[in-house]
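Report on the structure given below.
Each chain gets a letter, A, B, C, D, E and F, in the order it is written, and its residues are counted from 1.
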Amino acid sequence: MIYVTRKEHFNAAHKVWRADWSEEKNTEVFGKCANKNWHGHNYDLYVTVKGNPNPETGFVIDLKYLSKLIKSEIIEVLDHRNLNLDVPFMAGKMASTEILAIEIWKQLAPHIVTHGCNLHSIKLYETENNFVEYFGEKII
Amino acid sequence: MIYVTRKEHFNAAHKVWRADWSEEKNTEVFGKCANKNWHGHNYDLYVTVKGNPNPETGFVIDLKYLSKLIKSEIIEVLDHRNLNLDVPFMAGKMASTEILAIEIWKQLAPHIVTHGCNLHSIKLYETENNFVEYFGEKII
Amino acid sequence: MIYVTRKEHFNAAHKVWRADWSEEKNTEVFGKCANKNWHGHNYDLYVTVKGNPNPETGFVIDLKYLSKLIKSEIIEVLDHRNLNLDVPFMAGKMASTEILAIEIWKQLAPHIVTHGCNLHSIKLYETENNFVEYFGEKII
Amino acid sequence: MIYVTRKEHFNAAHKVWRADWSEEKNTEVFGKCANKNWHGHNYDLYVTVKGNPNPETGFVIDLKYLSKLIKSEIIEVLDHRNLNLDVPFMAGKMASTEILAIEIWKQLAPHIVTHGCNLHSIKLYETENNFVEYFGEKII
Amino acid sequence: MIYVTRKEHFNAAHKVWRADWSEEKNTEVFGKCANKNWHGHNYDLYVTVKGNPNPETGFVIDLKYLSKLIKSEIIEVLDHRNLNLDVPFMAGKMASTEILAIEIWKQLAPHIVTHGCNLHSIKLYETENNFVEYFGEKII
Amino acid sequence: MIYVTRKEHFNAAHKVWRADWSEEKNTEVFGKCANKNWHGHNYDLYVTVKGNPNPETGFVIDLKYLSKLIKSEIIEVLDHRNLNLDVPFMAGKMASTEILAIEIWKQLAPHIVTHGCNLHSIKLYETENNFVEYFGEKII
């Protein structure tokens, strides 16, 4: 079993905000992340796939394909967008890094499994100091 | 003469957009940077000061002071904000990295000169792939 | 289950040295790391916490809280200090990166568990080429 | 149990290519990685060893020894070489990052185990955007 | 005057080698860089353009244009290629980083000047430890 | 004219401290950098040399030579040492990054000029957030 990772990135605006809370309550709980006029980040996304190398190619998965898949399913949807307003798969959800990583997993996992390997993890950097990892529903 | 640099960072939302243009014209000229609902970045800011080391301390400028100055004058104003809507010194200006670097220079230069040294450059990274440098009005 | 990581850093002096050995023996075993007048590093510390996102906030843990906790319990104690001489929780212990990571775990774990999640790992970089990870007593 | 990692690097040429396929088929499957006149990379190699710290030294493994071992067994053999033509342990194998990581594991694991600890993983970056990890035959 | 930089990258094989010298002489002068079967690098290329921001757009140069220009003129020609064998503008020249930077300047400068600004520098990283800068014929 | 840079690094202890001042005055002026039991850093050193490429080799300077020179004259003297106590060329001087950069210049410049090129700059990182540059006595 080998784990293969592809890194992609996107730049997006968001705020951490509950519409059913007042601006005061949002600021009290979320601090400056709740700035009502938004802020943004350069997100780095690491997608890790696991499987056995194909004896013919030496590849677990064709990284050209993996890169294209991440770009078409995720980067096209998130890059230069507002995570709260512009992204169908985030509609009605909190725009935290945790929730975004889980939703990216849901978008990618069904595609990976059709290529004879499995999605292992989504690692998402909001800044170089803050990042999350999600491994799907299984316990590691 | 020694050049001393301090790096700070901030996360902000912006769009590259002219209010006197239609959405179509903005998109035609600025591409995805004109997304009307904003996008954002993790900006890295490098402030370089030049002068001679003080014989008593060995310092051109006290970096604790320089860091506090950048934080109070720039980071507090830009971090977790919208560059187009929330920043007094960017009001009515294009929120390009070029213009932002020039305006940061204008905020900092008068403070530096009172400490026996001079502001040399503002280097501002919008992403790891795009950055600008400004050296004030002199020609280098 | 989501894994959330916060990075902090500190600069410290240390030597790898046993007081019950001669200088010769220390140098023979530890090489230049045993320089009797100390040397030092810029340490990068990654603290990873695991749990389920709170449905109300979308957060596993409030990163503002986690950052403050690491700063008050660890960075205040280690930054710009001598790991062998100045740090109560390292007293009488070898100042290796391995031992330091274990002791940082012991300082932080009791605080994390009171916030409805668990400490998952301490990752400590001594240089960009050397780092250690500790996952507590459990076997992973 | 503590996990200790040492990073080393090497620069090498390779192509992803099957001699039993035509140039057209190689290009169709491997794209520009099959350029017949080679291309190359700055590879970063992370070797992780696990064990308990020695109570006398505080070390899981002497990193000076680990660095020397990686240099003598791996870097001397791969650095400024052609992975397809110059490397005995890659002879007759696909020069993919996956296969190279597995072969590096096979070279290092027997040496590590004689030092009272175990090889945990080989992490190999081909570029900053593409990397693989191998944990030996066990399932993690 | 503002300086705007765009970073791009490419992966290539090369050797530092004179065909009019014996293999022994090449190895004596160029060391392991003369490995006859090639080696390679992940090159990072920084292209800096200088000019005044356009009052209408706030841009010195449209970075989407600059990125496309570097990709079409340089990256398409160098990426996943052999610098000694595959690159028309390097034919008959030493494949050192210095010479490569000068030749990249010659390819790009005529295009930049047609956009109302000037090429300022080419900065080319061969590894993170070795890089060169070229500012054209003028003396800085 | 081409500018060629080599990066090396060293790890050292220091304190910013005047022996003719009380501990209280040292702390008042230098803050935590004056911790009497030292602290330390991973320093990154960039040495830039300028000249014309040799037509025979394509090199401004042989980087193997430059790396060896920096290692023998600087890294051997500074690495895993105490800048205040162990370094002959820093004796009696403030151990600030500014002064250290100037003294490194003085050590290296006479060697570079004997190779048909000139030292252009010393760039010294104390942390990723603080660095200095020195260009010798000339005004740039």
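Keep this in mind: contacts are C-beta pairs under 8 Å (C-beta built on N, C-alpha and C of every residue); 3 or more make two chains touch, one makes a residue touch a chain.
Since we're looking at a predicted model, the values are computed, not measured.
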- Item | Magnitude of the superposing rotation for subunit C and subunit D (Cα, nearest 5°) | 120
- Interface overlap for subunit D and subunit E, more than half of numbers shared or less than half: same or different? same
- How far is the middle of subunit C from the middle of subunit E, if each middle is the mean of its Cα atoms, in Å? 42
- Item | Inter-centroid spacing, subunit F versus subunit C (mean Cα positions, whole Å) | 29
- Note on the structure: Check: subunit E positions touching at least 2 other chains come out as 128
- Pick one for the touching-chains graph, please: line, ring, star, complete, other. other
- Message: If I apply the definition of touch given earlier, which pairs of chains qualify?
- Response: A-B, A-C, A-D, B-E, B-F, C-D, C-F, D-E, E-F
- Query: Contact residues on subunit E for subunit F in the complex?
  - Reply: 16, 18, 29-31, 93-99, 101-102, 128-135, 139-140
- How about subunit F: which of its residues touch subunit E in the complex? 1-8, 53, 56-60, 63-64
- Interface with subunit C, subunit F side, in the complex: residues 9, 11-14, 32-33, 35, 37-42, 79-82, 85-86, 127-128
